[in-house]
């Protein structure tokens, strides 16, 4: 087999595994954990369009997630509008918000941008917590919104089993990976990278850096909001402190940096490491020694960054290449 | 015995090897020029002597003591002082504070006031600018501050990395005159330059560095007459 | 017709006039040199022309159009390209990637951009290094890469900001040849340089500025003999050798 | 309208304490060019040290400064030396390594939860301390005495840090390092030692803030988080790296928080802080003292 | 097309390993006859204090039950406790409920203290038909979702607020004082908002004049502006909903600013936290608080239980931990009657609970019995006053009158 074919075979194998997983893994617990893992991988990949390619560090993406979750939920619960529609509308609203917040903040550098986005995310949470009614829409302030588990079915993006959620988020993840892949090879991808690295030089080469970043932001916030709607339908309860939390914004960024920022596969790798660490350490230690699981999580963050400052992606890609080379040689 | 002796060093910058098996010597009281184009490894060489980089192979000794594994601050304490390329002033500090920081090392810090007088004596312009922020000075004045800051360190061996870079021809002359004065006061000088004509004319000896290797070495006057130097660096 | 014309250009930062009433024009196909002491306002003038800063007053005309407040990327599409005094490669990316950023300004298609970028790299003899990380290049190659990126945008006017600073004399000669070739291919060149040998050899005309004001303009010979230029810039012992 | 004045005074006093909590953040940013997300946790550690010092010794809370300052200094010094330095070494070519944000967040999680593990989740206050509930009466206004002391501590600490940076040899070395690491090395300044010292000083100022808070505030494992985000806002408002800016930024936040609720719900006043912060970023991103993050 | 394929390949390898690990983990252990109880409570984060109290109370109850022979109808089956940390986050609670039910195969769930966690978590239990005992999470909504499997021990917030006003009325009568102006100050969350809404109704009915209705962020670092506002509104009665940190801060700041009120009434939570008394000290004197239970309750076994608890954990049982303690006895009682590990039978047994005695019944009311919605019908509340009657600050039951500590004369209005 040639290298190319080997890679294709690998890719096929992965697809078979991920699509077949629910058939082997009947436990809803693990499907639940996997759904959240994919969700985080999806969120981080969306984040990566701005945080990875455009070279800034947004720490307020939970705001977009929240917009998505609230839009679809309010429309569904109060007006019976299908969450699929709410999802798209939420995405559009998030895009508009993203562009509005991006316009001024993209002029900032480094730490300022990060802090500004934190303030934006937190400000959004405070706002939602303060508003009970927004015009005809009942947002319910700090009390959150519940989705009654009635009318189960694809049209309402609501299921009793985990499997449909699993496949939906899996398809969403694959789609968003494909989108990033194509963007990274397109003019926009080149422009984003160039603008992130040397904005002045990029501008002189015909790159409207600010506009490219805004486009990336619009896409990123749109995609993030879709996940928000998905999450709302998955958990059936949303609450400002859970869907617009600083923790969520941070975790997205952690996953990206641990996985390898700016690479396509980085977010997936980051989620594959951090989600299980967070879930399993809580399961095993959360009850016996309170706080120990978060100590472990913190230690993992510190150690990975010290030993792999470019993220997991770099050594793993190397190892994978080595493996491919060896297989390649053997097959000849 | 040589004041500074570099024997067979290899230096890499990241994954790229920049200096190959390089040896050179500087004797006390000399002015030595290292000439060569950009990318030849001149700055890398100075950084290695200063301890910002460390050689993978070979050794560097100063007054007989090996220094190639020492960190920069120890090397400064021994009396090797580098005036970096592009001046690298502390832009938001006053001229005076820049000079004081220059005298931070163990050998100089007890003589700050005296050293400052000496620097002002050599570069009277700086006294006028004493309380101005370094960033507000003109290019030539900034280079003066950089030199003054280096002198504040009480150097036994002063290394200058392209002091003429980016300066107008009229200022370049001033700078080299200053370097001459410093040398005349007894400080050993190692000068890295692209302005071959000026630098060799005030040097005792010179080395030509190309692609990380010493290609030619010899007395300054001899180098000025060397045909390779002439064609490659003097544009004759 | 002048491809670029500055009329009484002023750029002030706070109270300081970095460019103070500068007027000049470049004819299509010419090479114009701009010299002057450090801090004379040369790079500021470039930045005003290239749309980095809006001029405080005065006018910039490019191809007959007033371009005072146009943005760098718009000017780039209109055929104005530039290099930077301190090179700014996209250091984590390959040479090919760097140049493709430039060639994407003329096409949306990746294959076309790649083709164009390869051609440019080839013309600068950089094609063998196309997959190298641009952060690992030597200064001379970085400078060439900057020119390459600019060329990939298919400019009519190229602003070169000290592309020869830091090059060895032999490399300077190479660069002079490269620039001549560019001119011969129809690109107008406006260049800032300190290396007198190069600028004397290249320029059709030279403008000398000091404290943001033009103190002299003329052929290389005229400029080199000018009293004011010698006093402000060249120094008494300068001789055009 | 006397109440507005009263609230303004309270806002300035409390705000200056916020400023003091953020002082180390801005100092550390100025030198290391990184945001220390663990700063709130350092404050928390300081509060525990002060709490136990007072509880075990029965001394006047402010007397514990003698202990808290050196302990916190050493804590910060070695935290930077052991945990954060390796990042700088691994990413020596990056001026503002983003990975440090992750590492300091990791430190935050570890410190907060280690405290939870060791001391439990309880809320602690020092019952018997001479400052508790002390109020100064001033023309019908009530002004909290411990806050007044906090204000003095903030101003004095800021002045001391400023003078230290301006007038001492070590201070100049710190400034030099913050402006140009490599050039500073060439002057014989040990970059990482300076980082350690700057981190130590930053942590020590958090310790001072902790001591001023302990007489009237609760101590519990997540107390740092409450001051964390506030600290970020303050340092940007004041200009990242600006010592005086931190105190002034703190006062602005304090006044909004204190006077705002008199005209609206307190929860909205919180929103105003964020709004103002974003507005400020748009209009004057370099902060009040807008010399691009330097002293 | 080369690089991304490569990268996807990398992640496939990792995914593969992970899948294997998960598969291995999901193999269930063979079970003895035990009753597995999954407890989802906040053990770290901002609500760690209450969560850990609840855990301790459960531990003590279960030890007692098991020591007494376990569930006899199941051959002495022991109660096995599984705990997990929700960190006060809904998504963690939901994930843990899923795991408890599917992987750990628990028979009963309890939790979650934070209403925001309880809502979605009970929904999970409902979906799988696993009984869910809610010791405390007071939001009315929890038992009003139409769920069949949810049983709440504690009173719901409409009862809390109702009793707060009933108490007020009774006290006014008893002490012949007329209090008119009332102020609401509450944490801006599900809990505080829920209370405030009902207060508003009750105040209208009771002809009180609301002079202040003020939510505040629980994370506030300075509450003097709120206190100033209270001072200026000059109410007679101040009703509070606070978490621990803010309850302490608020109480101290009220004292600092010498705010004179006729009555301050807390709503449990932060005011009932054991840290509160220690931290607020004298400033808490005369404050009223509504709770499910108090140490001086006149019930057999209450004192002993509290002594035991205190000697083990160093602080008194609080209302919320007693609910958790009782919940274990309610569960044991139901298991005894269900005589089965089948969730349907357990649910039925729980639904027909009528527990009036036993070691767990140390609460102030007479029995635990659930209505159709799963709400404990008898749950009732007492009011306590914090006062020093010679042994330092303590919580003294004052209302209802028949529960009042013998010989104690409440101080009303506050001097």
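A, B, C, D and E label the chains in the order they appear, each numbered from 1.
Basically, a contact is a pair of C-beta atoms (placed from the backbone, for glycine too) under 8 Å apart; a residue touches a chain by one contact, two chains touch by 3 or more.
None of the values given here were measured: they were computed from a predicted structure.
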item: Any chain that touches chain C and chain A; value: none
item: Chain A to chain B, fewest steps along touching chains; value: 2
item: Chains touching both chain B and chain C; value: none
item: Chain pair, D-E or B-D, that carries the greater number of C-beta contacts; value: D-E
item: Longest centre-to-centre distance from chain B, chain (CA-based); value: E
item: Centroid spacing, where centroids are CA-atom means, of chain C and chain E in whole angstrom; value: 73
item: Mean-CA-position distance for chain D and chain C (Å); value: 48
item: Centroid spacing, where centroids are CA-atom means, of chain A and chain E in whole angstrom; value: 35
item: Rounded Å distance, chain A centre to chain D centre (Cα mean); value: 32
item: Residues of chain A touching at least two other chains; value: 126, 129-130, 290-291, 294
item: Residues within chain D bordering two or more other chains; value: 113, 116, 121, 221, 265, 267, 270
item: Junction residues of chain B - those touching two or more other chains; value: none
item: Chain pairs in mutual contact under the definition given at the outset; value: A-C, A-D, A-E, B-C, B-D, D-E
item: Residue ranges of chain B touching chain D (in the complex, touch as defined); value: 50-52, 71-73, 76-77, 81-82, 84, 88-93, 97-98, 100-102, 104-106, 109, 149, 153
item: For the chain D and chain E complex, residues of the former touching the latter; value: 3, 6-7, 10-11, 14, 18, 113, 116, 120-125, 127, 132-133, 135, 142, 144, 216-218, 220-223, 225-227, 230, 254, 257-262, 265-267, 269-270
item: Complex contact set, residues of chain A against chain D; value: 57, 104-105, 107-108, 110-112, 114-116, 118-120, 122-123, 126-127, 129-130, 246, 250, 253-254, 257-258, 261, 289-292, 294-295, 297-302, 305-306, 309
item: Chain B contact footprint on chain C (complex, rising order); value: 36-39, 136, 138-141, 162, 165-173, 194, 196-197, 232-235, 237-238
item: Residues on chain B engaged by chain C in the complex (per definition of touch); value: 14-16, 36-40, 138-140, 165-173, 194, 231-235
